[in-house]
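Think of it as A, B, C and D in the order they're written, each chain with its own count starting at 1.
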Amino acid sequence: MSAESAVRRIERTPPAEIERVRKWIFTEEYREKNFARQALVVNPAHACQPLGAEMVAHGFKDTLPFVHGSQGCASYFRSTFNRHFREPAPTVADAMTEDGAVFGGQNNLFEGLENAYSLYKPKMMAVFTTCMPEVIGDDLTAFIKNARLQGHIPADFPLPYANTPSFNGSHINGYDAMLKSILETLSAGHQSQGGDNGRINLIPGFDANTANYREYKRMLKAFDVPFTLLADISDAFDSVNDGTYRPYPGGTPLEEAAEVLNGKATLALQKYSTVNTLKWLGEAAQGTVESLAMPIGIRNTDAFLLKLSELTGKPVPEELKAERGRAVDALTDGHQYLHGRKFALYGDPDYLLGLVGFLLELGARPWHVLCSRTTRKFEKEMKALLETSEFGRGCTVYINRDLWHLHSLLATDPVDGIIGDTHGKYLARDHSIPLFRVGFPIIDRINLHRLPLIGYTGTLNLLTQLANRFLDIQDETCEDQWFEMMR
Amino acid sequence: MSAESAVRRIERTPPAEIERVRKWIFTEEYREKNFARQALVVNPAHACQPLGAEMVAHGFKDTLPFVHGSQGCASYFRSTFNRHFREPAPTVADAMTEDGAVFGGQNNLFEGLENAYSLYKPKMMAVFTTCMPEVIGDDLTAFIKNARLQGHIPADFPLPYANTPSFNGSHINGYDAMLKSILETLSAGHQSQGGDNGRINLIPGFDANTANYREYKRMLKAFDVPFTLLADISDAFDSVNDGTYRPYPGGTPLEEAAEVLNGKATLALQKYSTVNTLKWLGEAAQGTVESLAMPIGIRNTDAFLLKLSELTGKPVPEELKAERGRAVDALTDGHQYLHGRKFALYGDPDYLLGLVGFLLELGARPWHVLCSRTTRKFEKEMKALLETSEFGRGCTVYINRDLWHLHSLLATDPVDGIIGDTHGKYLARDHSIPLFRVGFPIIDRINLHRLPLIGYTGTLNLLTQLANRFLDIQDETCEDQWFEMMR
Amino acid sequence: MSEKIIPGITTERTEKLIAQTLAEMPEKARKKRQPHVGANEPEASVCAVKSNRKTVPGVMSARGCAYAGAKGVVWGPIRDMVHVSHGPVGCGYYSWGTRRNLVQGVPGVTSFAMDFTSDFQEKDIVYGGDKKLEQLLREADALFPLNHGLSVLSECPVGLIGDDINAVTKKMEQELGKIVVPCNCEGFRGVSQSLGHHISNDSIRDFVIGKRSFDAPATPYDVALIGDYNIGGDVWAAKPILEEMGLNVRATWTGDGAIEEIAATHQVKLNLIHCYRSMNYMCKVMEEKWGIPWVEYNFFGPTKIAESLRKIAALFDADIQAKAEAVIAKYTPMAQAVIDEYRPRLEGKTAMLFVGGLRPRHTVGAYEDLGIQITGTGYEFAHQDDYDRTAPEMAKGTLIYDDVSEFEFERYVEELKPDLVGSGIKEKYVFQKAGIPFRQMHSWDYSGPYHGYEGFRIFARDIDMAINSPTWKLIKSPF
Amino acid sequence: MSEKIIPGITTERTEKLIAQTLAEMPEKARKKRQPHVGANEPEASVCAVKSNRKTVPGVMSARGCAYAGAKGVVWGPIRDMVHVSHGPVGCGYYSWGTRRNLVQGVPGVTSFAMDFTSDFQEKDIVYGGDKKLEQLLREADALFPLNHGLSVLSECPVGLIGDDINAVTKKMEQELGKIVVPCNCEGFRGVSQSLGHHISNDSIRDFVIGKRSFDAPATPYDVALIGDYNIGGDVWAAKPILEEMGLNVRATWTGDGAIEEIAATHQVKLNLIHCYRSMNYMCKVMEEKWGIPWVEYNFFGPTKIAESLRKIAALFDADIQAKAEAVIAKYTPMAQAVIDEYRPRLEGKTAMLFVGGLRPRHTVGAYEDLGIQITGTGYEFAHQDDYDRTAPEMAKGTLIYDDVSEFEFERYVEELKPDLVGSGIKEKYVFQKAGIPFRQMHSWDYSGPYHGYEGFRIFARDIDMAINSPTWKLIKSPF
């Protein structure tokens, strides 16, 4: 229609109508309508595959993540990490444009590899794709082979690569794909012929809490057992400020990772973000390969330590036993501030499983559990977990629903607290429910990734944050006559 | 006057009069009147000596604090500790009553020692006084000598004792007096004739944050140097829950403490709470005796580690250097949330000095610094500290003023945040200023004593708490149009 | 009630337990402690357990002092007075905000739940504190002009150095034109906080009551609520029930109390007393001097509440009686819903108590309403009349302990293995470390109210939470 | 401005620095980068630095994509539309709330700063997404009925699989009776976000402008504010100044914008453009089609603000001119107070910039107002006309860099040692690790506004805070 034919005066929405809709979106009727939608997604709680691929790449020493595809994607991933960690996230892209879309991205890849290798002097580049080359069908295997043959990159330079289409799964799948490729690449030709080397491979999975990695390392060191953390982002995303910028301030040493198949055992602390990696390891590795729930809460941590004890043949160290005792003490002391409180949670499957375990053992109720991109398997596992406790009764799991669905749930069936990443702050505000920032990304508070949430220390931290926030609220909202010195 | 002659009808205060006074107490006029008072103390921020004596006693292994005086005092001290730590605080009293006031408390002491020794099986009892025996002039030296002579207690059983009159100084002086007596008692006859034993004696001072003690130990262990922490309350007041109650779950081993005079050096991290102990050690000990500022903030922690490095001849461990770098990084990242913010602080002298150092190096302003019982020396030292920084300009130190004085200061010259113990919550509420709970006692939140405030880790924790609370407030109080995803 | 029996609890077992425990004590202490512990005999007219004696030195008692009884219990809850802790800083500091006697009013303007102290220094000990006190009272009245009175609570040194606070308060009452009360409650007086209650009651008798008259016309239904300290809002849960049955509650002693209402209480028709221990003195004074009858009642749990309402109503006319029945009829379904929810989760559990005031006996019925039986109880600072009132409430052979030492209490609990211990902050963490669920029964563990029908709902929830928290299952480590 | 000189900055030094830096790059990359870097020549009529070329693969660029330019810059700030990120989940997710284009309205009711996406799955790639899009728009309109329009922003796959979103939006505009706009801003198009701005401008031209008329009578003073995205509230600091000088700001493009006001902007008398880069296209379209003149202005710092107000006023009558002078007279003392406070703390400092849009040149004056000189500047996605406008603002010999790679930028900063770097989030922590104070100059580092007089106060405070924070002194370890 032409502009002229359609000229009509600006219409302003009457205040009464605004008021009507403002109330309406909190109704049961709206909730039904909202849950009936099939095409529209509003405020999802998941990112796309290449972001996960980039994160795992940062976890290896001297490794440069390399985005094959649009430059803009790389900027989005990087800035997301920059904001969450408040740290650099050096990553290059081969900046494909229209001609790439027509002719494929091989030339971009060649030139990109050459420049990145020369300028940023990595020891490994981890290549992963955005949706553009995925849609046009770029053949990375061939491209990389050609790059070596044509001398764009030394023949022996490690170039793991992963297809990480954004229209499939979420960031945790990209994490998995890239991790598998890195380990395959590095371990090629390193399979020992003798027995295992006694090391434990530990895979935390997609976890943007750097303190968790340090906590894993501390626990393993307490066992005094050789281990390899795959992939260790803790120094990459929580590095010192001593006046010198270093693009690769840490990460799993490549030589260590190369020995992954020779370890005594591999233990993943997330299973949904490591499916294919574990599958491959299960086939290729000498040692046992297992996954456990993320060690959030007492029992999940117990299970982790028991497993370490079993794998190493060593007792759980006294220092960790004492930590357990102190964390349990804090829980018994603090349970009254959380018992029976209802929570809404959203985030990645493995985080959700860990957190729900913790809430249940505290007598709190994980009332709405939402994962915006996951599988029926997860739904089933979460339901089974909820059924293990009387505090799981009445709690509901929602998969492939988004935060606008959660908006309706909170409007019609409210809770006491929300646990999730920064994106939930609008829910928190709309419903006057505190948000406990856990997960990724957290881009409106500082340092939260520097406080561990796993292990007994993490359990203590979670307890402290939850209970004290409720006490803050009580003190802030009560009338004078209920305002008290003690709580 | 007789009741009958005075019968008058109940008078109710008119609402307008209430409103007038409600506003009046926030005025400059009121502040002047308030600061003019000379006899009345309202809401002091200090406790009495024996409380400090009890705390230090809990820091020694198998030691039972023993209150010579009123039973009620012991209950007050114990419940204060119970509430702050949410832990047991086993302490006995010899429960003097009127007859004690008349005849002196020797018999109570005899019987008390006998019963406590028999029932609670301590290896040491630390005896300290309430004001009653102080006023009547009980001679503890003679009493304890008599107790041994008459067989109420074995002749060689360690019975340090301290006069801790409540009408003099505050809890930090009681801490000092009891610590000195314990060390004198234990070290008697243990002075080595050879050289020093290479150990570092570390005295944290009156600090009710158990995590700080663990942090001291962690730092010293990183130096790999033998040390004795005097007095280590960390396990006494943060013990495991494993289903067994233990009255003495930790503390400095008595044999270790007995060697205090033979150490290579003694380092106190508080000086106002260790004046007499250090004076005595300075005379009696072989090694050097020094005090440093509480290691809160980067520079204070630097000074502590440099001193350890100097004393041990070892470089600062890499692990601590890395922690420093990460904490500094967090400060540079986070400074914008705290730069220029004004704070009111109250508490013990040494805590205040540490905290003020931290605020200044962050660009925050310790606007009102108040200590309700201290010396001119402290006032002078604090003023000098404020003068070291442009951010100390305009800041004021108040000594021997109380929290009701602070009420007037906040009413007429407000700040952005208050730092102090639970007792400041009324100020926080009256003036709508957030309270950051630091110090003793904290009886309305959980676990805060389990989060270290000293060292680089503590600096990070303080930064996180302060900055994120301000961000919470911004998010909670802004209008919709200023509510944002990022902060 | 004599038919109460708890499986496994027998007089023999209890006496054996006592004997074994005391056997571990030194001779002299054992002899002193022996009379304070016994197996319950519900039908004994006089309870055999002795009380209100000096605490044995060195045994770790939970008792407080006379000052604690005066400040924490009687005076502190009066909202519109400035209560001065006269002496060194500690007593006022420790008791500041640590008893949950909630108050209405504007803090610092019309209510004063703060810490006023003379913060004695050496020179005050040497030269005496009377002059300072005089100036202090003047300053306090000037800075907090809407106070309706000032109390001066002596700490240990005051009595020892020979100060005369009574002269000072008398002078200042004249000068300030407000009620100014001296209370010689030095901590060394008596054997426990109980004497502090008594001394305070005497101060009210001598310096307060009768000094005011109510500002509303008298009615036949004027009552005072005595011995409810509004812990966690108890008064606010209790008073409305009495009002709903037609009574005019003219004064509350002393929870959320107003000093002038207390001063006019000699005009009421009946005193209703909840905490007999701390305030029976005043009921007796008012009975003797003004002929006001008094009646004890119990507002814990629906059984006792209904009993109490009927007992109170019986002292009034048919109208009040009808209204009392209406109140019971109205709230019983609510209480039954609470029982239906929690009793299945608590049935057959046992608890042991050790508290102060009225709770060791008064709360028994509330536990029983929930299916919980009390296997042991005792008081920090009771007298014989408390124990006499306790015996019939408890099952035969249950353990009764007076001023129990921590040493004994631990052993009793270890043997009887209750599912819950209800006691104070000093005991809480001892038993929690032993893996035993615990509720603070002085402070309602920062919850409450526990009085009245509303309180019962909260009490039930809290007890269930304590006993059934899954955190207890975490204590046993798998390694 | 040609007399600007910065001590130590010479053309020779700068050219040497460039040569040394580029020498470290591979041959091909060096050749590509060479034209994009140069020493400033203030008096050159055409800036020698080339721009708007493809990013060199593998050099670590800060650039975004066409989608980013369309969603983040042009469309996102329009408050009353549902902006659909059409394609896989990531693009909408990353751009959700991460540009600080503040909006008025009731969130979720009348304003929609949320993430609407079709969250493409494999099957959408295979079978196409047009049908899904149609249903999606219908659902969005039903769930957010007070929207005044919907935009569909294509992500990479959409263009590649041959979807026809224009057909869908045309159909849905008919069906929904609202403005429904297609924007073919696939991320692979063009070399940077700049093409996204252009494509979006074209969409406005083709599908928005002229579709509405204002609901108030026209006046000679009707203007539109173009190219202010209300970062940190910039529009709210800028618009009142223009109104105070007598202009009627009928529409803001697009910060806190309303789509129907944008659609009626062809009726204004003058377009005021701040961010020339992103919106000059539309100014030219309105000039050509409706004869609306346009003028560039600069609201950073009092010097440029006063210049701009006079320049704008000159296009109106004497009344407006007088009011403009009154505005300047009113605010200049405030600005001077800011300068008096901060300039002594900042005098002689230097800064380097690398940002997008208008800031690399527009903010220079504001720094200079504070005594800070800019030793280097450059753009992420500028065109020749941007650099031509930049050269006169910068001192002779200063470093100009286009689409600078992190590799180069690090070396330039290392050599020139500025006291501050003003750039984006991806650069921030790189330079902070090197101990260099930094402010994000895309997002005002979560502060703002920086526009107008109010903004200058905040800008000055922030720059002082960054440069003079004592935390920088902590970086050097004593061990």
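As a working rule, contacts are C-beta pairs under 8 Å (C-beta built on N, C-alpha and C of every residue); 3 or more make two chains touch, one makes a residue touch a chain.
In UniProt terms the chains read A, B = Nitrogenase molybdenum-iron protein beta chain; C, D = Nitrogenase protein alpha chain.
All values reported here derive from a predicted model rather than from experimental measurement.
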Comparison of A-C and A-D by number of C-beta pairs in contact, larger one: A-D
Chain centre separation in whole Å, for subunit D relative to subunit B (CA means): 53
Gap in Å, rounded to a whole number, between the CA centres of subunit D and subunit A: 31
Rounded Å distance, subunit C centre to subunit D centre (Cα mean): 69
Sequence positions of subunit C contacting 2 or more other chains: 96-98, 106-107, 429, 432-433, 475, 477
Subunit A: positions in contact with at least two other chains: 83, 86-87, 239, 241-242, 321, 324-325, 328-329, 332-333, 423, 426, 443, 483-487
Chain-chain contacts as defined at top: A-B, A-C, A-D, B-C, B-D
Subunit A residues within the subunit D interface of the complex: 1, 3-4, 6-13, 17-18, 21-22, 25, 30, 33-34, 37-44, 46-48, 50-51, 66, 69-73, 75-80, 82-83, 86-98, 100-101, 108-109, 111-120, 130-132, 135-136, 165-168, 170, 239, 241-246, 373, 404, 407, 423, 426, 430, 443
Sites on subunit B touched by subunit A in the complex: 83, 86-87, 238-242, 321-322, 324-326, 328-330, 332-334, 337, 422-423, 425-426, 429, 443-448, 450-451, 460, 463-464, 467-468, 471, 475, 483-487
In the complex, subunit D residues that touch subunit A: 24-26, 28-29, 54-68, 87-98, 106-110, 114-122, 124-125, 132-133, 135-136, 139-140, 142-143, 145-146, 148, 155-157, 159-161, 173-174, 187-193, 209-215, 258, 260-261, 263-264, 405-407, 410, 424-426, 428-435, 475-477
Sites on subunit A touched by subunit C in the complex: 298-299, 302, 305-306, 309, 315-316, 321, 324-325, 328-329, 331-333, 335-336, 339-340, 360-363, 389, 391, 480-487
Subunit A-facing residues of subunit C, complex: 96-98, 100, 102-107, 233, 256, 429, 432-433, 443, 445-447, 462, 465-466, 468-475, 477-479
